[in-house]
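Everything below concerns the one structure shown next.
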């Protein structure tokens, strides 16, 4: 069984990538995940300036899902250089960036390339950061301009991470493809809220947050399925993957690789476990490569 | 999952406050919770008792601890957790527990379990909150203050050196300011003693996801907060630097 | 403690309503739920002609969520007269209708009024019926035309049930309000999919379905919170309510009543249980009426 | 939650087919599952054995049962459930189990539990699938066929009347065509016997949500499929009408 897969020109040892925002604020955090069996790690989404993110409370886990509103905390692109270099020395790192204009995106992406990123991931999808994320990522024209600007600025592959909080996901996917984007990552979290009745107010300091974990998997699989039927660039699936069968849902829906976030709660060995499960499954069901499984659910 | 608990007891000792509440969850000594109520930021606090009635004991150092101290009996708190690994004790080793300053709070459950304990503080007043527990302690207890106003005059490491003159131990379980732990760790390494130490970093999720509490490649919230002597020996950041809420590295003074 | 609440001019004995599509294909099913403590029941969404819905499999329950693609099965508005009359004899029934044009909506709504419905609910949100539901309900202009046409045709209150599968929920809510709609119901299910790796294909015969149950609650609460800050007409909250604290999340987000669907899996006594829990909570936390709790999380 | 199981055994008896599989779930006699594989619609089938190895036994009556019969050892099936309440037996009553036609399949687990059983079918061939179970039965068994080609000549109700001449029972547990159940229920009511009967209606969710399987205000999938004598007595639809997949009422012939 061969777990290797490729996202366009980028070849990965296995399909499992660390999702952005998970243990990746520091270079050593990413390095550890790379040692734990992930084929690559996506960095924390980094902006131009240092950002402490939203105040606590900004995270809660419930049965079946997590809600977070970290608010994109990061030390700023300048300071992040060291973290990227530490991580990139240990394996493949994808630099995630957020910005509010095409120029700023292009600038940040260029820095990530300089720092040794093997690809850049554009955060067009965070649901709880005013002026960023899905606020720029639900306008197909804006998305097109951002992707074009970044494509002009870097020579590494450009991935666009999209939001499921829209009825025009296919249009946005098309915009990415039209602008020359190299891959689409889907999904980011669902815009959500938790209220504490005893206090009569929202739990998260930011009120709104993003839903992740098992609960969003059926939405993510659907999004990947929808995109696969619309674009021909590679798709990376993410959202609620907790085991190999979840990863297979995404792969069969059309993803050539997957990202794992919330399931790191169950341990950093999740990457090894998923890869082990995939190997056994492929042996039992006669799939020689990951590629043979990509998109089969469309047949 | 957070629980909404009701404060059932409160004590105030100068700038140290203790709130107790019923919370029907199994917790081990050294584990912590994320505590919140409207009007404050959520903060990590260790449990200072882990029986049927749980408690947190905290020093007022800023806005959120100040807000928390305003809570009284009957008020509701949001409690997330318990998080972290806690101290591992299996009865096979002779253990000395060492607490420094507000770092005494997390080791009170160990004291309640009957372990011998060394408590260090700046002055007598800062030990007041521990007196009820000392009164009930089944194990031996030693006390030191920086100014000699109560017990031995000296710091935690000096107290431990004194204790080891009269009594043998295989392992030290400690909590306190990082500078104290730094020298205590060095002492353990130099003297071939095992140790477990509870560390602190800025926490957001508390659950091991967000990566804001990293020391080197370890998450204090999920891989710790209690680390072994060997784990700590490998930490470049220990006693040297921490991360601010942006993730920027900040050197200790 | 007084559990009474009102949705505009419609006064309800308690805030718990049976959601559309649950045990309401027949009049006797709705009657049973009304006897089980629900203040009202929403009928199955009914169209002009008989519709067998999508083929089996069209439902699956997992931990924390259900996925369904019933495909709006119903005997057609003509045949449904008997069911409505049976149910309306036992209590308040809201007639849910689906259509693809304003005229058809108006026609169906008129029939529901004739049958004794105390309000009509426009299904602008089903995510798995081609040409209906969210396909008409994500275009604010179309929504406005539909609501206007129905308002002209009936004298009972007109509720519009909206989809969360969009980034323009607030615009759609505004369109409903502008057209004179009497209330908004949010949310319908999230568009989603489940793939069976061993078979390499989607489980649901329709491939796409709708996600319901606990998993969607944080999305529903957020939607109600967003709408409450946008419109001033009443809002009815629905999505993943399994207990009284869940109902309170919706009420405090801004809903004056709630609907319960998937939680009927746990038993038809769910309505009584939620009402019991609400009474105890209101006593303990000093809320004399439901109205005092509506929207408090915005303060 | 569906389980993907592998077919481990298969038998064919004319137009009746039986598939067995390992499925590690506790199931009671009378419960059913929703069975699916690509290329067919999902259909409800009762479990015809409920031990470590489970099985379904079905008559080929249309497209989906035809598709299911094509499955062989090693093939995968999706199984949702178990759903429904099943028969309630507490040992306090003398029970006679009655199965008619393919309605014999769901009562095979009761036969395996040692209850006395009456089996009715159109002709001898239609009973072949039950012969292995009859061979192993610990309780008494009686057989009737409409054409007299095996056992007593007559229908299920007539057979029960014959049996009651020689033996006393307090309760009848039955499964079979609704017309048989209708007359058997009438017989029980007329003769003051308790009964439990497994009913059928068109099913979609199988779990009690969609409302497509209603008889009056009862969901066959979740409130049944097994109903008591009294419950059935109150059902206006019983023996009278059912719902098609649109929910339209259809009268029985």
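A, B, C and D are the chain letters, set down in written order, and residue numbers restart from 1 in every chain.
Operating definition for what follows: a contact is a pair of C-beta atoms (placed from the backbone, for glycine too) under 8 Å apart; a residue touches a chain by one contact, two chains touch by 3 or more.
Small disclaimer: the values here were computed from a predicted structure and weren't measured.
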Residual chain groupings, excluding chain C and keeping positions: A, B | D
item: Chain C and chain D: spacing of chain centres that average the CA atoms, whole Å; value: 36
item: Chain centre separation (chain B, chain C; CA means) in Å; value: 50
item: Chain A-chain C separation of Cα centroids, rounded to whole Å; value: 33
item: Interchain centroid distance [CA atoms averaged], chain B/chain D, Å; value: 64
item: Sequence positions of chain C contacting 2 or more other chains; value: 63, 198, 201
item: Contacts with 2+ other chains: residues of chain D; value: none
item: Touch-based graph of the chains, sorted into line, ring, star, complete or other; value: line
item: Full enumeration of touching chain pairs; value: A-B, A-C, C-D
item: Chain C to chain A touching residues, read off their complex; value: 63-65, 67, 134, 138, 163, 165-168, 190-195, 197-198, 200-202, 207-209, 211, 214-216, 218-219, 221-222, 225, 245, 248-249, 252-253, 281, 285, 293, 296-297, 299
item: Of chain B, residues touching chain A in the complex; value: 1-2, 4, 34, 36-38, 41-43, 76, 78, 80, 203-212, 214, 216-217, 219, 243-249
item: Sites on chain C touched by chain D in the complex; value: 21-26, 28-29, 31-32, 44, 50-53, 55-63, 66, 68, 70, 73-76, 79, 82-83, 196, 198-199, 201, 203, 205, 261-262, 264-265
